[in-house]
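Here chain A shows up in two complexes: once beside chain B, once beside chain C.
After this line comes the complex of A and B, so read on.
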C-alpha cells in the first residue's frame, strides 16, 4: 500500500526507451555545414570548400554509377557458382523473402549438370514452373534422344524447355529484368548464357464494367490493370495487323512497361515519332499510374484543360486509334491515355456514336446544357442577384428576397458555404467505406439541405442552384475536364460577385484565350472551331453527321490515309443502278 | 509560365481592386416599388405615392385580400421625382429600387398640365423598365394605388401586369407601355394615349345608377358593356380599383378621355385589337342582343388623301366573329340570314367608330395613326414637316369600312325553340 502511494505521488524517472532518429545522409550534412561555413563569410575557404563539395559529389556519382554499370555490362559467367553468388547478391538472398532459388541437376547422357532456377513467388505460375520447366529438366532429360546433341544449349532449348516465350540472355541484366516482371531465370553450369522463361501468373482483377464511364448502349467492358489484357482488349476490337503495339519501358526502378498503340498506315508518322521521343526521354524512378505518365507527357502543367484523354473503355481507345490517334497503355493502370485530344473529344460520350442520330443530339445538347450550368450557374446567380436584379422575374425576386430575409450572410458567402459543403460531400463520398455510403447521402440531403434552410443559414433557392450545378457537373463525360470545370466554377463565382456580368464576360474571355492557346501534341484544343478545319472532318463536331456521312478522318490529325469510308458507304441504297460500285472503287 | 499565370491573375485582381463590387447590392437590401403615383402637390409641384412590395408577406401568401397586406404605401410631397426618392429613402430602411415598377399613374389634373417631363425622366432613368404601364387616374393617383388590393394574387406586381394586359381580351384599354407611350409622344404623325384608371364608389348594389355612363351620348336607352369610364362600372365588393378607357394626349398634355367602347374602337383602328365579346342589337328585335366573339383577321389598313388641303382619312377593318348567343332565337345561322347579321354588326361598328373618330378631331389627337400613311407619301423630312399633320388633323374627314365575317355558330348549329305548354317559345 505504501509503495503504491509512493509510486503514485513521488517523482519517478521515466523508462529509458530507445528512440529512433532518422539521421541525415552524409551528403546532406556536408552541404549543410558548407552553407554554414559560407554564411560565416570565410571567402578563402569557400573555394576549397566548393571543390570539396564538387569532389565529394563526383565521388558519390562514381560510387553510385559503378554498380549500375557493372550490372548493365557484366556478362553471365560459365561457372554456375559465380552466377549463383552474383544472383544471390543482386536479389539479397536470403533477406528477400519472396524470391525463390531452386538448385537441381540436369541429367544429360548420364551426366549430371548442376543448375538453378530463380523466380518470384506470387508473380509466377507454380504449375508452369513445376510441369514445364522442372519436370523436363529433371526427369525428361533422361529420355533417349535420337540425334546426338551438338551442344547442351541447343539440346536444352530445343528439346527440354516446352515454353512458348523463352529468351536467351548473355547479360545478367536481361535475365534480371525478366525475373522482376514475373519470369523465371534458368542458369546452367558450363553455359555463358541463361534462359528466361515467361511464366507470369500473378493475381489480377478480371475485366469488369468501367467504373467511371458507364453507358447504356455499347460495350460494357473496361480496362484492367494488366498491360497485355488491355492491349488484347483493343486488338479484340481492331482486328488489324497494322495496329502496332510498341513497348517502351518507363521508370528506372519501377520499369513500368508501357505500350504505344497506333495504326501504322493511318497515324501521322511524326506524331508517332513525337510520342516515342517523349516516352523514351522520361527519366523517373517510379511511375505507377497512367495519371503520372499523363503529367509527364503533357506540355503545360498549369493548363486547366487536360491535354491527354484518359479512358477506361477499350471501344473509345479503338475508335480514336482508328481515327489516327495514339493510345498509351500503362501496366498497372486501368486508364489508357489518348493523344492528341480536343475539347470536342472530351465532351463526347461513346453513346453519341452508338445511339441513333436524333437521340444522340438530344443527349448531346442536354449534356452541353449540364456542362454550361455546372460552369456558370452559381456565378450567374451571384451576378444577377447582386447586380442585375431587374433581370429576375418580379415574382422570383420577391421569392428570393423573402427567402433571404433571415439569412445572415451575403449571398457570396452563402453560396461558397454550400459549394464547399457539396465538394466536401463529393470528396468524402469517394473515400467513405461502402457500407456507410448511404449515410452520407442522408447527412448531405437532410442536414445540409433541410436543416440549413430551416436554420436560416442558407436560402432554399441557393440549395436549388447548388443542386442543379452539382447534377450538371456529373454530365461532363470526361473526369479530368469535370475537375477543371469544378475549379473554374469558383473563379466564376468570384468574378460574378466582383463585377456582375462584366466579370463573367471577362472570365469567359480569359478562359477562351487560355483554351485557344493550349495545345495537345501540336493540335490546338479547340480545333474544329478554334482554328477552323475542313468541314468534312467527321465526328468531332458539336453536331454529329449521320454515320454514312463520316467519310473522312479528322482533318487536324493529318493522317496518312484520310478517308475512312467511300462516298457511298451504304451500297445497298442504289445497288441496282451502280451494281454496288461507286466512284472510288471504279 | 510564371508570366502566363500572372497574366491570368492580374486581370482578376484588377477587377477586384478597380471595381471591387462597388455597386453590388443584395436582393434583400432593396425595397422594390410596384406602382408609382403622381398627383399635383398641395404646396409643391408633386405628390408622389409609392407602393412598395413586402416580399416576406407576398411569398407566404398573406398579401392578398386585406387592403395593403402585401405592400406598404407611402406618399411624399416633393419638387421632382428623384428628389422624392431621396426623401423617401430617409425613412424607408431599404434602398428604393424602381426596376420592378409595373405601373406609373398620373392624376388627371397633373396629366392635363403635361407629363412629358416625368416621362422623359423615366425613359432616361436606368431603373425604369420600358414595359411599365402609363395610366391616368380620373381623380387621384394616390387614391387609386391605395385601393389596389388584389384578391386573386398575393403579389400586387402580378396584379398590375395581368390587369393592364386585359386589353388583349376586352379591348377596353390599350397597350400603354412606357416605351410605346414615349414613342407615340415623340412621333410627328401619331399621338399618345394612356390607360384610364379609377376607384369605384358604390358600396351596395342597390345604389347603382347610370348617371356617369355615356350611353345617352350614344343614343341608347341602356348602357352597353363599354359605356363607362374607369371607376364608374356598376359593381360592388372585391377590389375597388378599375381600368377602363383611354386618355388622349397632345404634346404630353391630356386633352380628352374615352370610355371603354371608344377604347375598343381605337384598338380596332390602331391594330392592337385581339379579341373580345361584343353585344350587337338584334336587327329584327332591337330589345334583344346578338353576342359575337370578335377577332381581328387582318391588321387595319389606313389611307389618307389630301383633298383641298384637308385630309380624308379612310380605314378598313377586317374582323371575324363566332356567334355566342342569339337571344331572339331567329335563325341567323342559316345561309340566307348570315349576311343580314354580318351587315348589322358592320353597321353597328362603323357607326361607333365614326363617332369615336369625330370625337378625336377637335382634340388634335390622331390616336389611330392615320398620319403614318400620309408620312410615307413624302420623300423628304422637310416636306413632311411642312404638312403639320397634328394641326391639320382637326380638319379631317373620315371614312370607315368594317368587314366582318361570321365563321362559326358556336357549338349550336341552329337555335331550337324551347318547348312549353303554350307551344313553342322563343327565349
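After this line comes the complex of A and C, so read on.
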C-alpha cells in the first residue's frame, strides 16, 4: 500500500524502453531520415537497443536452459534397449495410460531386426499406423527387393515406410515433440536415429458456421480448433505462394503451435519482425486460447480498447492479410488474431463489403447509431431528467412524470437497478445449459420488466431505455469492443448523474484522449481520422467508397506494395480497349 | 505514411483554430459590439486583415530560422539569459490567461446548466480533463482536435443557420458604427483576439516542413476570421446595438433562438456539449504549454512531473477573481496587452536575431 502511494505521488524515472513504431520499409527509411511520431532520429538507437535486448534474451536463454541441456541434446543410441528404457522413462510407461508402445521385428534378408513404435492413443489414426507403418515393416519387408539396399536405413526409409511426412531425427527431443503432437515414433535396433511419421488423427470439430459473427450475405465458414485446417481455410481464399505461414511455438508445457500469416511482398517488414519478436519472447507455462495470446501480445493491458482483433471468419482474415496486416492462428482456438487494428476495423462487419453500396451505408449508419445509443443513452437520459429538464417537451415531461409517480427510487437508482439486472440476465443467459438458454433469458427479462413496472419498482420509460441500450449493444460487430462499451456505459451513467451534459462531455473528452493515445503495433487506433492520413486510406473506412475505387492499401500500414488494383479496375467500362489499360500493362 | 512530419497541417490548423476561436463562445461578439457599436463585424474583418499582415511579416522574418520556436530564438540571441527571459514571459502569459478562461467557462456552464452545483465542483471536471489531456501529451491533444473540431464547427454552423431567420439588416446600421477612428485606430489592439496564433510558434519544431508553417498560420487566421465574422455579424443582426451589449454569452443567446418544430424547442442544452468540448481542448493545450515551456526554459529532462503542480496552481488561481464580472475585467486587461506578446515580441526577437550572431552555436537549433 505504502509503495503504491509512493509510486503514485512521487516522480519515477520513466522506463527507457523503446516503443514499437511502424516504420516505412527499409529503402524508404534509408533515404528519408525523419521518422513518424516523436521518435525521429532514434531508429538507429532503437535497432541497436533491440539487438541488445534480443542478444541479452538469447544469453539468458542459454543460461536458463543449461540444466535441461543434457535432456535436450541427448542423442539417440544405436542400442534399441537403451532407447526403449529412455522412452519408457520419458513417457512414464506403464503409469501413463494413453501412450502405446508396440515392439515387433522387421524381417530384412532373413534377419530379424527388433524395433518399436510409440504413439498416443486417441491423437493418432489407427488405420494409418496399422496399414502404412506396421504392415510394411512386419509383413512386406520380406518381399523380394530388386535393387540391393546399401544400408538398412536407406531400405526402410525408401521402401518400407510409405509416408508423405517422415522425419528423421538424431535427437530424442525431436521425436518426442512429434509424438506429443500426434506423431508416431519408430525406433529400430542398430540405428542411431529414429523416424517420426505424421499420423495425426484426433477428433475435432468440423468446419461450421461462425457462432459470433454471422452474416446473411457472404461465406458461412468459420475457423475450427485445428491449426492446419485454419491456415488452409485462409490459403483456400488467398491462393498466393507469397502468403507465408510461419510457425512459432508458445508455452513451455503446452507447446502450443501458433502460425503467423502474412503476405511476403505486401506486409511491412518491420511489422513482421516485431510480431515475430513478440511471439518468440513470450515465456509462459501454457497458452490455451488466442484470447490469452492476445493479452500477452498487446502493449497496454489497461486500455479499454482491444489492440488486436479476434475473428472467427476466414474471409475477414484473408481480407486483412491482403491489405497488409498480420494474422496469428493459435492451435486450439477458433479465433484468429489480427494486428494492427484500428477503431474503424472494429466497427466494420464483413457484410459492409459484400452488399451493394447504398445498403452498406444504411447498415453502417444504423450500426453506428446502435453503438452510440448503447454507450450514451442511459447517461443522456439521466442527464436530461436531472439537469436539463427544459429540453424535454412539455407533453413528454408530463408523460414521464406520470409514469414515475409511483416509483419510490431516484432515477439513478432505478436505472442502475435495471442495467445491473439486464447485465445479470445477459451473463446468466450464456451459462444456462441447453438451447433454451438465450430464449429463457429474454423471456426472463420481459417478465421481470413487466413485473417490475407493475410492482412500481421502475417506470415503463426506463424499461424502454434499458431495452434500446441492450439492443444497441448487440449491434457492435466486435465482441471485445462491445464489452468495452458495456463497461464505459456505467461511467457515463455516473457522469450524467453528477453533472449532466458537462459530465458526459468530460467523459467523452477523456475517452477520446485515451483512445487517440492508444496504439496497436505502432498504429494509432483512431487512424485515419486522427491523425489524418491521406484520402486513399480512408477508403472502406467510415464512409465506404465503391469497390472499384478502393485502389490503394491503407496508408498507415506502410505496406511494401501500396497499390491494390489499377486505376481502372472495371476494364469493360471502356469501349476502347487501349484506354482501359493502365501503365503496368502497356 | 506519406506525411513525414509529426503533425499534418490539418491537425495543426484544427488545434490552432480552437485556441483562437474559443473566446467566440465567451464574450467576443459583445466586446466587439462595445468597441465598434453596430460595426463590430467590420472590426473583425479589419483585425483579421491586420493579423494576416503581421503574420506575413513574422513568417518572412522566420524564414532563416526554420524549425525553431521562440525560446530557441531567445537562446540564439542572448544565450541562456535570452531563453529564460522569453520563457518566463510565456509562462507568465499562459499562467495568467489559463485560470481566467477556466473561471469564465466554469461560471458560464454553471449559469447555463448547473445552477445548483458549487463552482469548485464544476471546475473539478475541467481540471481533471485538462490534467489527463496534458499527460497524454501534445500528440494526443492535436490528434483528438482533428476529430472533434469539425464536429464543433458543425454545431456552430447549426446555431448560426438556426438564428438566421431572426436577422434584420437594418440592425447593423449605421454601417460604420461609432466612426472610422474608433474602428481603425482605437480598434487596433483588438488584434489580441488572435493571441492563439502563438501556438503556431511552439508547434514549429513539430511541423517539419517549412511550407506548412505558412499554410497553418494563414489558414488558421483566415478560418478563425470567418468564424469571428459570422458570429459577430449574426449576433449584431439578431440583437441590435444597445441590447446586444447587455447580453451575457452572445452565442448562447443565439442558440436559445434555435428551434426545430413544436417538439424540439429548447435544444440549447445540447450546445453545452460543443461549449465544453471546445473549452476543454483550449484549456488542455494551454495547460500543456505551461510545463512544456517551463521544461524548455530551464532545460529540464521531463515535463510530466510538472503537470500536476501547475494544474493545482491554475486551479487555485482560478478562484482569485471575486466573480464573473471581475474575471471578464481581467480578460479585458489581458486582451489589451496580449498582442505585445503574440505579435510584437516575435517581430522584435526575429529582427534582432537577423542581425546578431548566435551566442552558443551548440545550444541553438536544437529542438524537441
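For the reader, a short list of remarks on this structure follows.
Rule of thumb we're sticking to: the second predicted complex is superposed on the first by the 501 of 586 C-alpha atoms of A that agree within 3 Å, B and C clash if a C-alpha of one lies under 4 Å from a C-alpha of the other, contacts with A are read in each partner's own complex, and residues count from 1 in each chain.
Heads up, the rule we're going with is that a residue touches a chain if its C-beta (ideal position, glycine included) is under 8 Å from a C-beta of that chain, and two chains touch if they have at least 3 such contacts.
Values in this document were obtained by computation on a predicted structure and should not be read as measured data.
Look at A:433: by the touch rule set out above, it reaches neither chain B nor chain C. Once the two complexes are laid over each other on the shared chain, residue contacts for A:506 go to chain B and to chain C alike. In the superposition on chain A, A:411 makes contact with chain B only, not with chain C. Within the superposed three-chain model, A:387 lies in touch with chain B and with chain C [touch as defined at top]. By the touch criterion defined above, A:94 lies against neither chain B nor chain C after alignment on the C-alpha atoms of chain A.
By the touch criterion defined above, A:397 lies against chain B but remains apart from chain C after alignment on the C-alpha atoms of chain A. Touch criterion met: A:555 reaches chain C, while chain B stays clear of it.
Contacts of A:514 after superposition on the shared chain: both chain B and chain C are touched. For chain A, the partner that touches more of its residues is C, with chain B and chain C as the two candidates. After overlaying the two complexes on the shared chain, residue contacts for A:358 are found with neither chain B nor chain C.
Within chain A, the residues touched by chain B in the first complex and by chain C in the second are 387, 390, 499-500, 502-503, 506, 510, 514.
Taken together, the chain B residues at the contact with chain A in this complex read 1, 4-5, 8, 11-12, 15-16, 19-21, 23-28, 30, 32, 34, 53, 55-56, 58-60, 97, 99-100, 102, 127, 129, 155, 157-158, 161. Here chain A touches chain C in the complex through residues 11, 14, 24, 32, 34-38, 40, 384, 387-388, 390-391, 393, 499-506, 508-510, 512-514, 516-517, 524, 526, 529-534, 555-556, 558, going by the rule given at the top. Considering their complex, residues 300, 302, 385-387, 389-390, 392, 394-395, 397-405, 407, 410-411, 491, 494-495, 497-500, 502-503, 506, 510, 514 of chain A touch chain B.
Only residues 1-8, 10-11, 109, 113-114, 117, 121-122, 125-126, 128-129, 132-133, 136-137, 139-141, 143-148, 208, 262-267, 269-270, 272-273, 276-277, 280-281, 302, 304-305 of chain C touch chain A when the two sit together in their complex.
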